[in-house]
Amino acid sequence: MTAAVRRTAAMLGLPAVLVAVWWFASSGSTDVYRPPLSRILVAFRETWFGRRLLDDVAPSLARLAVGYAVALAVGVGLGLVLGSSRPLRALTEPVLEFLRAIPPPVLVPIVMLVAGIGDLMKVLVIVSGCLWPVLLNTVEGVRAVDETLADTCRVYRVGGALRLRHLVLRAASPQIVTGARQALSIGIILMVISEMFAASSGLGFTVVQFQRGFAIPEMWSGVLLLGLLGVVLSLGFRVVEARVLGWYHGLRAAQRGSR
Amino acid sequence: MRRQLAALVSFSLTLTGAAACGSSGTPSKPSPGQPDKVAGAVIAIVDVAPVYLGKQKGFFSQRNIDLSLSTSQGGAAIVPAVLNGQVQIGFSNVTSLLLAASKGLPVKMVCNGVASTGVPDKDYSGVVVKAGSPVRTAADLAGKTVAVNTLKNIGDTTVRASVRKAGGDPKAVKFVELAFPDMPAALQAGRVDAIWVVEPFLTAAKAGGGRVVAANYVDTAPNLTVATYFTSAQLAKSNPDLVKRFTEAMTESLRYADAHPDEVRQVLGTYTQIAADVAAKLTLPKWPTDINRQSVQTLADLAVGDGLMDRAPDLSALLP
Amino acid sequence: MSAPAIGRWPGLVGLLAFGGLLELLPRAGLVPAGYLPPSSRIARALADQARRAEFWTALGDTVRTWLTGLAIAVAAGLVCGIVIGSVPALRTATASTVEFLRPIPSVALIPLAVLLYGTGIRATLVLVVYAAFWQVLVQVLHGVGDVDPVARDTALSYRLGRWARVRYLVWPTALPYALTGVRLATSVALVLAVTGELVIGTPGLGREIAVAQGSGAVPAMYALVVVTGLLGVAANLVTRAAERRVLAWHPSVRSEVPA
């Protein structure tokens, strides 16, 4: 009982202290740019719980989900192909390294040229940024499949789709999940940035409009919401990861425990 | 290990040295006998030609002001830059300043910036539709999509005023935000039904076959003051002499620019990318020396009516 | 498996093939040349840019923002990481705060940064430092926590003082992690620096790209994007080379990675 209490205290202690400090430090604030935390929270409730949730937040999240899913599918598929073939890898590596190094937001003007200003542009921007971590990590993961396991599969004549699923994907999955996690944080960033240009709805768009209209408490509330979104998505990812990689975590724990 | 440490230390020293060479942006205190350094933030558009022309002609240095101008992509960043002292003078449209003042930001207009010509078919701003569009007057814009460069700002407010004046329903107009350079292409591709543009994009849109259906600045108020130069209330209180000298220099620049359009067209090339042949053809705005206070009140009322702000700010505190 | 028939420089062939594809597609009319100019025109635009003084100023500005932010983030990350990592109580107290603050997308801070710092270098530095700091901190925390328990017990039984323990025990263990953190932070810092310039308007390559796009100068825009990509590639190569030099003693570098 006390162990659990101590653990929760450790988890909530510092954040609670920081929030309290923020509250009291800003409570008497007359600085227009740093309103009291109480006003920010009031603005949070007024701004985001209402039509805005449906009109702005939901479309943004939907675009993120679609873009992320497409990036995962294309990245894993392409990564499987590239990772299994050394000549292909050697051929494409410099090109991929170069394309990967281009900061994704820089591609927004280019994508705007091609895809206009609607939903397609935003989804494409998200895909173009999320693709690279997934692709490159998949290639790494497929490359590093254990030789012994691969030989065993060959001896037992395990081939084709079965081999793909049980050997390659399974062995590469820790690496793929790492890539997926990086892709998620990039995806959130791109979701916001794609809406800062030529948008008429969306989470990033709303926050920027608040900034332009000098609606400071509402803007702070938007920043808070974006932060919360990042945290919630990251937690959700952790839950999914624990399910998908349960076998891997157990294996690592056993190895470390035996030390 | 020691080599690594030495490398790390020298690396960080180099970096801090490089960073220290960076520009700071805040001007140093004026020493007696030296001209006052004033940093101004403007947008690289036709409207601010007088300040560049005035600087060229020496109107500012005559009054002991060493003026340095920087350009910003949009007005939204100029207000914070003025308020936190990064620059002393900013250029912004009246609606933005009204919004800022209504939210309690201590801005103070000092001098007029630019005004509409007041002539319906010879203004430097207009709403353009594609050739062959069913839209004939501003009233037809109801239910259509109009592109403006900033939402909830002077663009949509004045377009709604045009629609209202022509008898249409202003609330039925859909607005979308696009940067001016992207508008002609979007209009041609049919992504928007109409675009609100200012020079030089107005000339470009007309040359591309577009038709002007509304002169929104003219419809809003006679001789509308579109934008002004402003400073922070803090600077106005702490250094009123500097503000007065700047205002005098700026007024002289405005008068000169209004009287010498050819020199204005020439100076355009020094701070914008506008080609010389385009600069020769475009319609210049007017640069009166006084702010049209009535039009500022009109813009404030429109902003309140359109829901941009709850109530108008105290205009006497805002206007010079 | 036949030897790659592509010769000794498959990567170069790949690059050339990519360039050739970019040349042919627009010329053949498969992609509108207004959206994607042929690579020869991009190369020419690049040469034109190199002649402009503003290009080199912008490049210098980007590099300065990038490296300044990186230096601050690395210094702060190292110090905080070592301090927090060495004191278990601090570690448990700050764990939840770190996990909460880390996933906050740095773009959420853009409106705040613009309001507080305008469009100068400091606004972009906020983004760069914020994003890069977490990369370094998390890696250093892992490193400090990865100290081999046997080695630590040995050090304790030989009565090595705190400073000696840090120098001989913690630092070599944490160094590979710290360098990974620096490598990740370097690319993140570049991405955020260019993003800040693109969105906020701080002087630099990102702003030049926005201006080029705004003026309709499409080849120039692509040329500038190429330059940012090259910067990223160069940064990657330099950090990997530095890693190999500094970690020449570490088994992960000394052992051969199976192809």
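Note that the chains are named A, B and C in the order they appear, and that numbering of residues resets to 1 at the start of each chain.
Assume contacts are C-beta pairs under 8 Å (C-beta built on N, C-alpha and C of every residue); 3 or more make two chains touch, one makes a residue touch a chain.
These numbers come from a predicted model, not from an experiment.
Engineer: Which of the two pairs, A-C or A-B, is linked by more C-beta contacts?
Structural biologist: Answer to which pair has more contacts is A-C.
Engineer: What is the chain whose Cα centroid lies farthest from the Cα centroid of subunit C?
Structural biologist: Most distant chain from subunit C: B.
Engineer: Where the CA atoms of subunit A average out and where those of subunit B average out, how many Å apart are those spots?
Structural biologist: For subunit A versus subunit B, the centre distance works out to 38 Å.
Engineer: Taking each chain's centre as the mean position of its Cα atoms, how many Å separate subunit A from subunit C?
Structural biologist: Roughly 17 Å separates the two chain centres.
Engineer: Among the residues of subunit C, pick out those that touch two or more other chains and give their numbers.
Structural biologist: If we look for residues of subunit C contacting two or more partner chains, we find 114-116, 210, 213.
Engineer: By residue number and range, which residues of subunit B touch two or more other chains?
Structural biologist: 74, 76, 80, 179, 182
Engineer: List, in ascending order, every residue of subunit A touching at least 2 other chains.
Structural biologist: In subunit A, 33, 112, 211, 216 touch at least two other chains.
Engineer: Per the contact definition, I'd like the list of subunit A residues that touch subunit B in the complex.
Structural biologist: Residues in contact with subunit B: 32-33, 112, 116-118, 197-200, 209, 211-216.
Engineer: Where on subunit C does subunit A make contact in their complex?
Structural biologist: Listed in rising order, the residues of subunit C that touch subunit A are 1, 4, 6, 10-15, 17-18, 34-36, 92-97, 99-112, 114-116, 149, 187, 190-191, 194-195, 198-199, 206, 209-210, 213, 218, 221-222, 225, 228-233, 235-236, 258-259.
Engineer: So in the complex, the part of subunit B that touches subunit A is made up of which residues?
Structural biologist: Going by the criterion above, the answer is residues 74, 76, 79-80, 99-100, 103-106, 150-153, 175-179, 182, 186, 189, 191, 308.
Engineer: Enumerate the contact residues on subunit B facing subunit C in the complex.
Structural biologist: 1, 4, 12, 15-16, 18-19, 22-23, 25, 72-74, 76-77, 80-81, 84, 86-87, 179-182, 273
Engineer: Spell out the residues on subunit A that touch subunit C in their complex, using ranges where they run on.
Structural biologist: Answer in residue numbers: 10-15, 18, 33, 86-87, 90-95, 97-110, 112-114, 143-144, 147, 185, 188-189, 192-193, 196, 204, 207-208, 210-211, 216, 219-220, 222-223, 226-227, 229-231, 233-234, 259.
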